[in-house]
């Protein structure tokens, strides 16, 4: 006969308001096998847990039920307490009588909540009788991490993991690390120069012994599970031998062909053999193969002729490299929505209508104008600049429904930069709301208005067009209730931040979730902000949603701390809720293998004494299995069961209803 | 090729030249505009309030009749086009409204008609390249401002004829005719529309701004696709700086380029005189 | 200007009626100003489009009714075409106009219309004008 204890929680008034907990406890005491019952104000409190432990010991209980809130809340708490009292933690089961019971009923007098609680708890008791003690699974951990994305979030994560003494591979798809931050001029709210604070970190990442940079590379395939990932990385051909290149730059000097620079967002040109910007890390040029006449038509080859160490190889091909890592940090960043979508603002047709990121390049001392604000069409210093916020953001019709979060701040910064660089120039900002939540952010925006003289207009712009060499901006100022027309020399659009092209493909390869905007999903928006649903894969930065530099850096560090915690032990323990194959009845139809979303099913050979293979059966890799139960449903011969949720347990519960 | 054609009231009265030049040009381009045997007024405005189903019955009656004569209906006036196309969409997409409206008009119309503007016929069924080939009297050297107005383009999800903010269909036609289209800022702004009835101040201001905007970009000729736009622009011309600029229907420009007799194009019916410009440019 | 707000204003039945007739949800408007920015007749309106939406949100139907805004709207749909929330001020004003016309508030007297207008103006202007201004 089992010896079961039942603990009914009142949860203050959360449960007790609609459920008669005392009655529930009394009813349970009548069930054979139940030797102890009680109800208590807060089971999760310290005294509550003590009551539980004491009852286990004094009554020599071999299984307990806590009828309380959702197991998401306190299953761990009560299992830990059970373990402390000497009980196998998987002999502790939770009945949810709060979220699915007390909260959905209104009236204690009608006793519906009480009746339902009695039913639910009784079902759990019958289920518990069929429980098997389980043991946590131990998995060996490879103490090496992979960081995908070499922007500020990825760099920070890599540096912190390396500082913690673990090896990191940092994969970046561009020829240099640095990401979008490398494009920025100054940063809000302190106005320190982006390059000046970023480049030391980039160099540190290059020099740190624990960090290996895989630039111009992309993740192609991800296999395995927490502690044991196997990742295939495509190392795109740079046509330059990284080992021998000294970074002298002679090849770029001599290359006679120029194309539009993607890094400069079309504001200037670069050579066909190039580094994206002067402070590139690593300082090794790559050849832009589609535009190189030597590679396409076997004409030219000037770079190879002038290269001293002879490190240019036009025949170089992409390589696939496989790396084994224990954890992955995803920090792939953001991009801007195409401005052409908003015809009324004239982007793409009027040369001096530019994006905010283009303005950053104009203001950057390493940019195409050397930091002077000159408009793209004729190089003239603009006497008036109109900034339009929320281009595509908060626009569920033509853009995205969310707020891009950083535009209010960087637009204020732009007006400051402009007023510092162009004396007497006037900036105008069309805004809907100013969102400046953050340390010293509101003061920064007020400074732009009060100190630097930016004219903020609350309203939208309906149309932008050219007239007599000026750009006419027509809009509204809702505060004065009037239409506004401004003759401007340049217009800057604060374009919506969207997820990276191909973000969904990478998520599918990694097995992590993403929302309808293709931003990656954190495990829990508040309490697990850098974890994903796939154990061992963490997130950092604006691949999760629009984010500023401080937040991205904080997340990079947070993800790194999660990785270091994982790497702190040689083995990691995880929940034993995995599938188990009955080898006797399995007939190797492999339906489970095709059904499993985590590739956790393997083929196992059954051999006779001489070592000949007699037949094949399915086997579950406990390290990979997430306990989703799809294979259980798929198995035709009913040879798979889910530990902790066996058919026997489930039927026992149903039959008890 | 024969395409059913709905002229609408105005093209039978004060905009006869719009109608005749379109029919003649169609024949020159190898298709016939077959006027519906029976038709009524479209209502001249699409009811914006969605419960105003009564307002849909007149256009639905036109559509239902047209469906019995073919699967495509073309029209010239932007307003008729707007009303018919949007009503057609309601009849196609909303089962509830279809039922009520069909009840009013005692028909069983399902919205299966293809409602096309004459410009769409030229672009999608004939092809502007074919139009270009057929040009006998290219409008060389004429800087022409194509005025879209509102009803041809908006709302985009119902009309779908072209990009609502940056349309090109009109300019593409003018280019095919040999003219130099001038893309001017106010080409998609309102002319004042029905306020012609009781508010000259607004109409003069809006239409004046349209003409100013076009002449400011160097336009010597305005081209329209709607009798009301035509009326408002011509009437307001005096108030605008571009006093000299003539306003014609796009079908007149088309007929002119296709080499039709000047008499059949009905330029004399326009309130503005285009002849001096045509002579100056050596086109006639 | 001072507005006194009561629950009766904020939960106004009259405004709810306008919402029903127009098919628009006034709560969606977050006052970005795009409609006023692009409206060709906003300059002549006693209450410009963005403020029309705001006043109705506040339940001030009578103030909007008393203004000339609904009689000036030309229905060009520029407001709707650019609204980030997909609202149509034109539809809201049309609903209010219809309501006013049903109460007999004709805006033009047919007999007062000048003969040259009736002779020269396109029928569509006359028909459309009647539908917008006469009950």
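A, B and C are the chain letters, set down in written order, and residue numbers restart from 1 in every chain.
Keep this in mind: a residue touches a chain if its C-beta (ideal position, glycine included) is under 8 Å from a C-beta of that chain, and two chains touch if they have at least 3 such contacts.
Here the structure is a predicted model, which is why all the values come from computation and not from measurement.
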Comparison of A-C and A-B (more C-beta pairs in contact): A-C
Chain closest to the middle, measuring from C-alpha centroids that were averaged per chain: A
Distance from chain C to chain B - Cα centre to Cα centre, in angstrom: 27
Chain centre separation (chain A, chain B; CA means) in Å: 52
Between chain C and chain A, distance of the C-alpha-averaged centres to the nearest whole Å: 46
Per-residue multi-chain contacts in chain C, two or more chains: 78
Sites on chain A at which at least two other chains make contact: 344, 463
Set of chain B residues in contact with two or more other chains: 164
Sites on chain C touched by chain A in the complex: 30-34, 36-39, 42-43, 48, 50-51, 78, 82-86
Residue numbers on chain C that touch chain B, as the complex places them: 20-23, 40-41, 44, 72, 74-78, 80-81, 88, 90-91, 94-95, 98, 107-108, 113, 117, 120-129, 131-133
Chain C-touching residues of chain B, taken from the complex the two chains share: 8-10, 13-15, 41, 43-45, 47-52, 55, 77, 79-80, 150, 154-156, 164, 189-190, 192-199, 201-202, 206, 227-228, 230-231
Touch list for chain A against partner chain B, complex: 342-344, 349, 463, 465-468, 472
In the complex, chain A residues that touch chain C: 344, 390, 394-399, 432, 458-463, 474-478, 481-484
